[in-house]
Amino acid sequence: MVKAIEYADASPEVRAVFDDIKATRNVPDVNNFWKWLANDPKTLKRTWESLKEVMAPGALDPLVKEMIYIAVSITNGCEYCIASHIAAAKKRGMSEAMLAELIAVVGMANETNRLVQGWGVPVDEAFRR
Amino acid sequence: MVKAIEYADASPEVRAVFDDIKATRNVPDVNNFWKWLANDPKTLKRTWESLKEVMAPGALDPLVKEMIYIAVSITNGCEYCIASHIAAAKKRGMSEAMLAELIAVVGMANETNRLVQGWGVPVDEAFRR
Amino acid sequence: MVKAIEYADASPEVRAVFDDIKATRNVPDVNNFWKWLANDPKTLKRTWESLKEVMAPGALDPLVKEMIYIAVSITNGCEYCIASHIAAAKKRGMSEAMLAELIAVVGMANETNRLVQGWGVPVDEAFRR
Amino acid sequence: MVKAIEYADASPEVRAVFDDIKATRNVPDVNNFWKWLANDPKTLKRTWESLKEVMAPGALDPLVKEMIYIAVSITNGCEYCIASHIAAAKKRGMSEAMLAELIAVVGMANETNRLVQGWGVPVDEAFRR
Amino acid sequence: MVKAIEYADASPEVRAVFDDIKATRNVPDVNNFWKWLANDPKTLKRTWESLKEVMAPGALDPLVKEMIYIAVSITNGCEYCIASHIAAAKKRGMSEAMLAELIAVVGMANETNRLVQGWGVPVDEAFRR
Amino acid sequence: MVKAIEYADASPEVRAVFDDIKATRNVPDVNNFWKWLANDPKTLKRTWESLKEVMAPGALDPLVKEMIYIAVSITNGCEYCIASHIAAAKKRGMSEAMLAELIAVVGMANETNRLVQGWGVPVDEAFRR
């Protein structure tokens, strides 16, 4: 469990996922997340397939999806997740100015979330779906 | 503290903020968040001014900013914040399909954040800024 | 489990805790937290004894401790805990103005916590203990 | 505060707790958590006594309790707590396969928690206690 | 999006998932989570398939998995998730005494997680994997 | 973005904020938070102005405000924020004994927050504002 599973030491099942990640992302090697997750081959496969589906272009632009990922990761304080999704978003065109604004919005949202809870604000009738 | 400050009962200081919110957003009345926050006029004014600055168009599209706001609010479990920012995002053009994808990404991000922390994945050298 | 254990229906073990809460706080009845916790008498007793020790006057003023409790509860989004500790803090002298400032600080702290994590700020050498 | 209190430098009050931890767990030394907590002897004693009571065999198996501890610690992103409770769970028989499944469940639970909050799902009548 | 998708109004794609849930769990109807998620058929299908895989018997007992789910949901403060997984765990044999102990462990873990972070405890060498 | 903006390399806009921080706090240099935030000059300025307003003496003592900041930062697990606000609170007179009690209260509050949510305790009528 402790360590990364490198391609050379991986089972055929794990290699198949690694190959698909490398082909889909056009990268020479997978990043640490996948090497560690390879200790649990079923979760590796399920997570990769889910991620491919969730992050694919659809009603939302892939870059917007990466930025949403960053927003969640900052709110959860997950250092690895922040770093890896910033890298992914930059590949898709996120500029430093866009990242700066994203962080500012995440900060502000965390502040107003707590103001709402501190003041016990009830949901407006107009906002009920 | 307990209750909303309605325009009719508001001080000139609070009314000035309410007027600016109504003019900026082109709405007949402010929503509950502001009415409750009006119990603390300084925080009301500071929060509105910060929000206007943060949510203004810039490197990121205002709709993208609203979606980031929703992502944070879901991750924090703030019901009011989810409801109010979904309403705001819809005004700016978010479709049901976009919202569905946004929620799916937020769910997935929360899952992988915990997988990362559970496995103790170290940050890849390539991701260090 | 589902419901409150009222004094009339409580075991001697639970009644002893309820009696001590009522005497210590000089209240005619315990609040819902204790009535629900009474479904698990050991946790009821341990929690009450821990709380008495933690919230007793010491290096910090009891009112300051109640305000710290509110700060944590807002950050965790625990509605019951916010409401009950606001009531407790008011009994100890917290004014509406103090509460308003407390909520403002909690909001601001949540914002800057996320700015720090978004920007990946390293700890200053001077802050290392 | 800054540093660990080692047994040799500890007060009799702290030593008594350390001795009990070492005897109960059959270990030659206490782990860092207790050495740091020893800076606050009252909290050290109360926390150890609470932990002994909470983690003792009862309706739940001690290993199950350790796994619940890990689940909470991953959700809170507490690196120390994850590491120390994985070590404790392994001592009680948790295999790598069990840990992998535990992490997968924690990930999944964090995902569905957010899907529920994003969609605003109301509690089913049948689930109300 | 606003409302539950009932079986009678569901698309064949959604019905297929509902049928599988009902057959797998041997229940006459699916619970609200699935009815709301049915507004996003792809996420409905993916989530159900992931959940079936993750919650299946393996190295961990299904009841233990349900209890881990409850632990995460309490830590995230997700009322729906707490209620639905308590119901699921009771079906699998969780007694009131087991639930009471589970809640007590979750409370204790949240406390010590914060003590660790407040004191800045470094990971013991022995705990490094 | 990656790195600190030192005074020597800063724009006049950033220098003005740095100068105000140094004058207000009577320190020879600003801490890392501001140097990193300087990558986003607008957020730097807004955050500093907000912080000055929120942390100024008012109904609450500045030291109490710093302790509330620490409580939030521990609950969010933000290492930088914990370290920097402990330093700030010590400057304002927080003793080691006060810090120890503060951490103990934060731990206890996190525990009881989860007990409340696990047991599903309803808000007492008397606590409704």
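For reference, chains read A, B, C, D, E and F in written order, and residue numbers begin at 1 within each chain.
Please note the rule applied: a residue touches a chain if its C-beta (ideal position, glycine included) is under 8 Å from a C-beta of that chain, and two chains touch if they have at least 3 such contacts.
All of these numbers come straight from a predicted model, not from anything done at the bench.
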Contacting chain B as well as chain C are chains A, D, E, F
Matching A-C in over half of the residue-numbered contact pairs, the equivalent interface among E-F, B-C or D-E is E-F
Here the gap between chain D and chain F, centre to centre from mean Cα coordinates and rounded to Å, is 27
Taking each chain's mean CA coordinate, chain B and chain D are separated, in whole Å, by 34
Taking each chain's mean CA coordinate, chain B and chain F are separated, in whole Å, by 21
Touching two or more other chains in chain B are residues 1, 39, 42-43, 47, 50, 54, 75-79, 83, 100-104, 106-108, 110-113, 115, 117, 119-120, 129
Contact graph of the chains (line, ring, star, complete, other): complete
Seen from chain D, its contact residues with chain C in the complex are 1-2, 42, 46, 50, 53-54, 129
Chain D residues touching chain B in their complex are 70, 74-75, 77, 79, 82-83, 102-104, 106-108, 110-115, 117-120
Seen from chain B, its contact residues with chain E in the complex are 77, 96, 99-101, 103-104, 107, 120
Touching chain D in the complex, chain E uses residues 1, 31-33, 36-37, 39, 43, 47, 50-51, 54-55, 58-60, 64-65, 67-69, 71-73, 75-76, 78-81, 83-84, 86-87, 95, 97-98, 100-102, 104-106, 108-113, 115-117, 119-124, 126-129
Residue set of chain B touching chain C in the complex reads 1, 39-40, 42-43, 47, 76-78, 129
